[in-house]
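Shared between the two complexes below is subunit A, which has subunit B as its partner in the first and subunit C in the second.
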Partner chain A sequence: MVDILFALRYYFFYPSFFAVIIFPGLIFTTIILLLTIWFERKVAARVQMRVGPLYVSKRTGGILQLIADAIRLVFSEIIIPVGVNPTLYVLAPVFVIAFTFIPMTLIPFSAIPKTGSLLSPYFNIFYDYEIGKGVFVGYFVPYNMVLILGLASIVPIFILLQAWATNNRFAIVGAVREALLAVSYDVLLVMSIAAVAIEYHTLDIAKVVESGIPGIVANPLAAIVFLVGMLMGTGKFPFEIVEAESELVVGPSTEYSGFLFVLAMGGGYISTFALSFVFSDVFLGGWLPFTGLPGALWNAIKAILVLWFTVFLRSVYGRYRIDQALRGSWKYMLPVAFASLVLGLVVGWLWIR
Partner chain B sequence: MLTSQAEYPSGMEVEIVPVEGELNVGPQHPGSGHMRIYVKLNGDIIVDAELDPGYVHRAVEKLSEVRNYMHLIPLVERPAILDSIHMNLGYIMAVEKILGVDVPERALYLRTLAAEVNRIASHLYGTGILAIFLGHSTGFMWGFGDREVWVEVLQALTGARVTNSYIIPGGVRRDLTPAIKEMIEKAIAYQRKKVQDWYKIFVRNPNIRDRLENVGVMSRENAIKWGAVGPNLRASGVYYDVRKIEPYAAYDKVDFEIPVYKEGDAYARLLVRFEEIEQSMRILEQVIKNIPEGNILSDRFFKQIPPTRLKKWWEGQRRIVFPGYYASFRPPKGEAVSRVEAARGELLYYVVSDGSPHPYRLRMITPSYRLIQVFQELAKGSRYADLVAIYGSLDYFPPEADR
Partner chain C sequence: MDKVKEYKKENNPFRLFADHLNAIGTGIKYIVKPQRITLKYPEESLTLPTGYRGMIRLYKDVCIGCTLCALICPADAMKMVTEGGKKFPTINYGRCVFCGFCVDVCPVDALKETRVHDAVFTNRRDLVFRPDRFNQDFDQPVPSQAVVKKVRVVIDEKKGIKYVPDE
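Here is the complex of A and B:
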C-alpha cells in the first residue's frame, strides 16, 4: 500500500507531467490567465475611474467574473460560416493554442538539488551537466533557448492559416499585419537571446540562471530588445495592431465564436506567459536563490509580474500604426539589438566565464 | 495598375505594390455611431473612401412641417443629443427673429452658460471617441467620466442630462441658483486639474502624437474649399467662429479667445478642442460673476402666466411654467436665418413661417453634415489605420449629419 502511494507520488511529481500539466504548466497557466485578465480589467478600471468587474462576487472584488465569462464563452455556440473548409477552420485555432503552449514544456522552471527536495528523485533523469544539477522542466534539451524561440515563431503561420481559413477580409488584413510584424519581432527576440547566449557561452537557459548574474545586469540592452519584441509578438499595447478593434473588429479571429474564439484569443496570453518565463529566467535571475519547487514558485512570481506589467500598458498606450511599428523595430530597435550583441561579446569576454 | 510612389510626411518614399480590395466598414462600428464607409484599399493605402450616411436619419426637416413650433424643440435636439443646447438655441433664435421677441439680459447670459457647459461636455465626448479609435481606453473612459461632471451641471440647471429643451422662445426655462453656481465653480476647478492629467496621459503621450501628427492634413485652402467648420476649420489656420463674427446670446459681453492652429492635422484638431475647453471655462467664470439680475423670460410671455402658477413655480422654485400662448402660437409670415457656433462648428437654421402654427419649411445645416465631404477627401491617400484617426479627430457624429 505504501509502495503504491510512493509510486503514485513519484509519477505525480515527475517533471514531465507535473511541470507540464499542473505547475507551472497547463492548470496553473489557465488559473493565472484568468487572474491576469481580472487584473488587467481591475487595474485599467483603477486608472480609468471605474470599479471594473465587481458584482459577480462582491467580497472578492469580482474575481469570479472571469469564471463566469469563461463558462459563458466555452458553452456558447460555435458558428462555422458557410463556405469555409470546416477542418481547417476548427484546426487553426487549436494549432495556435498548441504551439503557444509547447514552449512552456521546454522552459527550465527551477533547478533540482541532489538531495533534500521533493524533486530530488528526478535528479539523475533531468541532470544538466552544464550546471551540475537537475533541471525542473517538462523535457530537458541543452539547447532550449533555440528550441523555445523556434517553436514560438511557428505561431504566426497558424494565425495566417486561421485568417485564410475564415475567408474574411478583416481577418486577412489582420493576418497580413501579423505576418509583417512576425518578421520584425522574431528578429528582435532571436538577436537579444543570441546576445545573451554569446555572453554566457551557452544555449542552455538553466546555465544562464545558475551563473548567478541576472541578464538585466549583464546586458540591459538585450533585456529592452527582448521586452519590446515580446510586446510586439504577443499583441500587447502599444503594439496591439493585429487585433485592432476599431479598425479590424478582432483581426484574424473575427469569424470565431464560442470555445474556438477562446482558443484563438487565449494564444496571445499564453505566449506572453511563456515569454515572461523566458524573460524571468534569462534576465531576472529565474529561481535563484531557491531550488526545487520553491524556486519554481519564485520564478513564476517573477514571470507573473512581467506578464502583469505587459497587460498594464493597456491603460497607458494606444496602438501604433503598422508602418510605425515596423519602422520602430527595423530603424530603432535593430541597432539596439546589434549593440546588445556587441555588449554581450565584450561582457562575455571580460566578465562572465 | 503600375507600381506607384507615395510621399510620406516623414520624407520616406515607399514603393507600393498594388493589392486592391474593398473593406466595408460599418454600419455597426465598434467606435461610434451608425455609418458605413466603403473603403477602397491599395495595400494599406486608402484609394477612395465613400461614406454612406443615413442610417440614423430622423426626418427632422420633413416632420417639422407638420408639428407646432413648441413641439419642434425636442425634435431638433435629437440629431445631436450630446450637443442639444446648441441645436435648441439655433432653432429658437430663428423663431424669435420671426416673432420679434426681445430676450432679457439674464436669459441671454443663461443661454451662453448652458451652451458653454454643453460645449465642454461635447468636446470631452469627442476626445473620448478619438481615444478609443486609437485604442487608448483610458482616454475613452476619462472622456466619458469627465463629461459626467458637466452633464450633472446641465441636469441641475435644466432638469435633464441630455436633450434639455432648456431654451424657449423669449428666454429660458429655469433660473440659476447659488447652489448651481457653486457646482459649476467646483466643476471648473476639477476640470482644470484633470486637464493637466489629460495632457500627461493622452495629449502629450508619444504614442498618441505619433498617431495624430501629420495625419489627415487639411490645408487652409482645402479647409475653405471643402466647407469645413468649427474646430476643424480653426485647426487649419482659419480664424472663424460665429461667436466672434456674429455674436449671439451674451458672447459680445464676455472675454474669450479663439484657439487657431496652422498645422491642420489631426493633432491640431485635438489641441484646438482642448484649448476650447479652457476658453469655455473662462466664459463660464465670467458669466457666473457678471450675470445681471432680472427676469429670464420676455415680459410679453411672462405676463400671460396665471398669477397662482407664477407664485408657486416662479417665486418658489425659479422655474417658468409655459403660458397658454405656447401651445400653438402662430407667428407672423416671414422667414429667418440663425447661426450658432455648435460644438462641432457652425450650425445654421432657416425657418419659413406662413402664419400657420407650424413652419412651412425648416432647413437645418449641421456641422457634421459638412464634415462628410471633408472626411471623404481627407481619407484619400492615408493609411487604413488612419481612417479611424481622421474620423475621431474630425469629431464626426453620424446622427447629426443624418438629421
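Here is the complex of A and C:
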C-alpha cells in the first residue's frame, strides 16, 4: 500500500508530468491566462478613469467575471463557414496553441538540489552537468535557448495557415502584417538571446541563472531588445498590429467562434507567458536564491509580473502603424541589438567567466 | 505664398526612449492613484440642473386645449383627447424624443419639463400617459433596499470633473 503511494507520488511529481501539466504548465497557465485577462481589463480601466468589471462580485473587484467569461467562451457555438476546408479550419488554431505551449516544456523552471527537496529523487534523471544540479523542466536539453526560440518562431507560420484557411479578407490582411512583423521580431529575440549566450558562454538557460548574475545587470540592452521583441511577437500594445481591433476585427482569427476562438486568441497570451518565463530566467535571476518547488514558485511570480507589465502597456500606448513598427524595429532596435552583442562580448570577456 | 510652418521632427533616439519611460511612468502613477470619474449609477444618481429636458407634465387646470402641442410634436407623441367636453393632450413616451417643442409652443405654460429622466416601464401601455396621469409630477418608487446617493457635478482643476453629495 505504502509502496503504491510512493510510486504515485513519484510519478505525480515527475517533472515531465508535473512541470508540464500541473504547476507552471497547462493548468497553472490556464488559470493565469484568465487572471491576466481580468487584470488587463481592470488595469486599463484604472488608467482610463473607469472601474472595469465590478458588479459580478463586488467585494472582490469583479474577479468572478473571469469565470463567467470562460464559461461564455467555452460554451458558445462553433460556426464553420461555408467554403472553407473544415479540417484545416479546425486544425489551424489547435496548432497555434500547441506550438505556443511546447516551449513551456523546455524552459527550466527551477533547479533540483541533490537532497532535501521534494524533487530530489529526480536529481539524476534531470542532471545538468554544466551547473552540477538537476533542472526542474519538462524535457532537459543542454541547448534549450536555441530550441525554445526555434519552436516559438514556428507559430507565425500557423497564424498564416489559420488566416489562409478562414478565407477572410481581414484575416489575410492581418496575416500579411504578421508575416512582416515576424521577420523583424525574430531577429530581435534571437540577437538578444545570442548576446546573452556569448556573455555567459553557454546555450543553457539554467547555467545563466545559476551564474548568479541577472542578465538585466550584465546586459541591460539585451533585456530591452528582448522585451520589445516579446511585445512585438505576441501582439501586445503598442505592437497589436496583427489583431488591430478597430481596423481588422481580430485579424487572423476573425472567422472563429466559440472554443476555437479561445484557442486562437489564447495562443498570444500563452506565448507571452512562455517568453515571460524566459525573460525571468535569463534577465531577472530566475529561481535564485531558492531551489526546488519554492524556486519554481518564485520564478513564476517573476514571470507573472513580466506578463502583467506587458498587458499593462495596453492602457498606456496607442497602436503603431505597421510601417512605424517596422521602422522602429529595424532602424532603432536593431542597432541596439548589435550594441548588446558587443556589450555581451566585452562583459563576457572581462567579467563573467 | 507663405511657407507652411513645419514642426521639427524629434529624431534623437535617447529623447524617444525617455518619452517612452515617461509614458509608462504616467500609467503607473494612474495605477497607484486612480482618478476614476465613473458614476456608479444605481447607488449614486445625478441631481440634474434646472431646465433639464426630462419627463413632461401637464397642468390640467391651466390648459386651454388649443392643440398647438399636438400639432408641433415632430414625433407624433402628443395626441389630443376629449375629457368631459374639454380637450387635453396625452403623451406617448414610446415616441417622445424630448425635444421640448410642446413646452415652448404652449401659449399658457400648461406644460412643464421635470428633471426626471430615469424611468422604467414594464409594458407599452404604461408608456401612454392619459391626462389624469399626465397631470402629476412623474414619480416612480425608488428601490426600497438600495440607498440612492444624490450627487452633483462640479468642475475640478485636477481631475476634470468630480461628484459632490447634494443637499
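Note that in this section the second predicted complex is superposed on the first by the 353 of 353 C-alpha atoms of A that agree within 3 Å, B and C clash if a C-alpha of one lies under 4 Å from a C-alpha of the other, contacts with A are read in each partner's own complex, and residues count from 1 in each chain.
Keep in mind that, in the parts below, a residue touches a chain if its C-beta (ideal position, glycine included) is under 8 Å from a C-beta of that chain, and two chains touch if they have at least 3 such contacts.
Given the structure is predicted, the values throughout are model-derived calculations rather than measurements.
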{"item": "Partners on subunit A (subunit B, subunit C) - clash or fit", "value": "clash"}
{"item": "Of subunit C and subunit B, partner touching more subunit A residues", "value": "B"}
{"item": "Touched partner set for A:R50, first subunit B, second subunit C, both or neither", "value": "both"}
{"item": "Partner chain(s) touched by A:F312 [first = subunit B, second = subunit C, both, neither]", "value": "second"}
{"item": "First (subunit B), second (subunit C), both or neither touched by A:Y139", "value": "neither"}
{"item": "Which superposed partner A:F290 touches (first subunit B, second subunit C, both, neither)", "value": "neither"}
{"item": "First (subunit B), second (subunit C), both or neither touched by A:Y14", "value": "neither"}
{"item": "Subunit B versus subunit C as contact partner of A:F259, first or second or both or neither", "value": "neither"}
{"item": "Subunit B versus subunit C as contact partner of A:Y127, first or second or both or neither", "value": "neither"}
{"item": "Touching partner for A:Y332 - first (subunit B), second (subunit C), both, neither", "value": "second"}
{"item": "Segment of subunit B that clashes with subunit C, given the candidates 57-65, 75-83 or 183-191", "value": "183-191"}
{"item": "Overlap of subunit C and subunit B interfaces on subunit A (superposed complexes)", "value": "47, 49-50, 315-317"}
{"item": "For the subunit A and subunit C complex, residues of the former touching the latter", "value": "43, 46-47, 49-51, 312-313, 315-317, 332"}
{"item": "Subunit A-touching residues of subunit C, taken from the complex the two chains share", "value": "13, 16, 23-24, 26-27, 30-31, 34-38, 40"}
{"item": "Subunit B-touching residues of subunit A, taken from the complex the two chains share", "value": "44, 47-50, 169-170, 173, 237-238, 240-241, 244-247, 249, 314-324"}
{"item": "Subunit B to subunit A touching residues, read off their complex", "value": "14, 21-24, 29-31, 44, 131-142, 145, 201, 205, 207-208, 210-211, 383-388"}
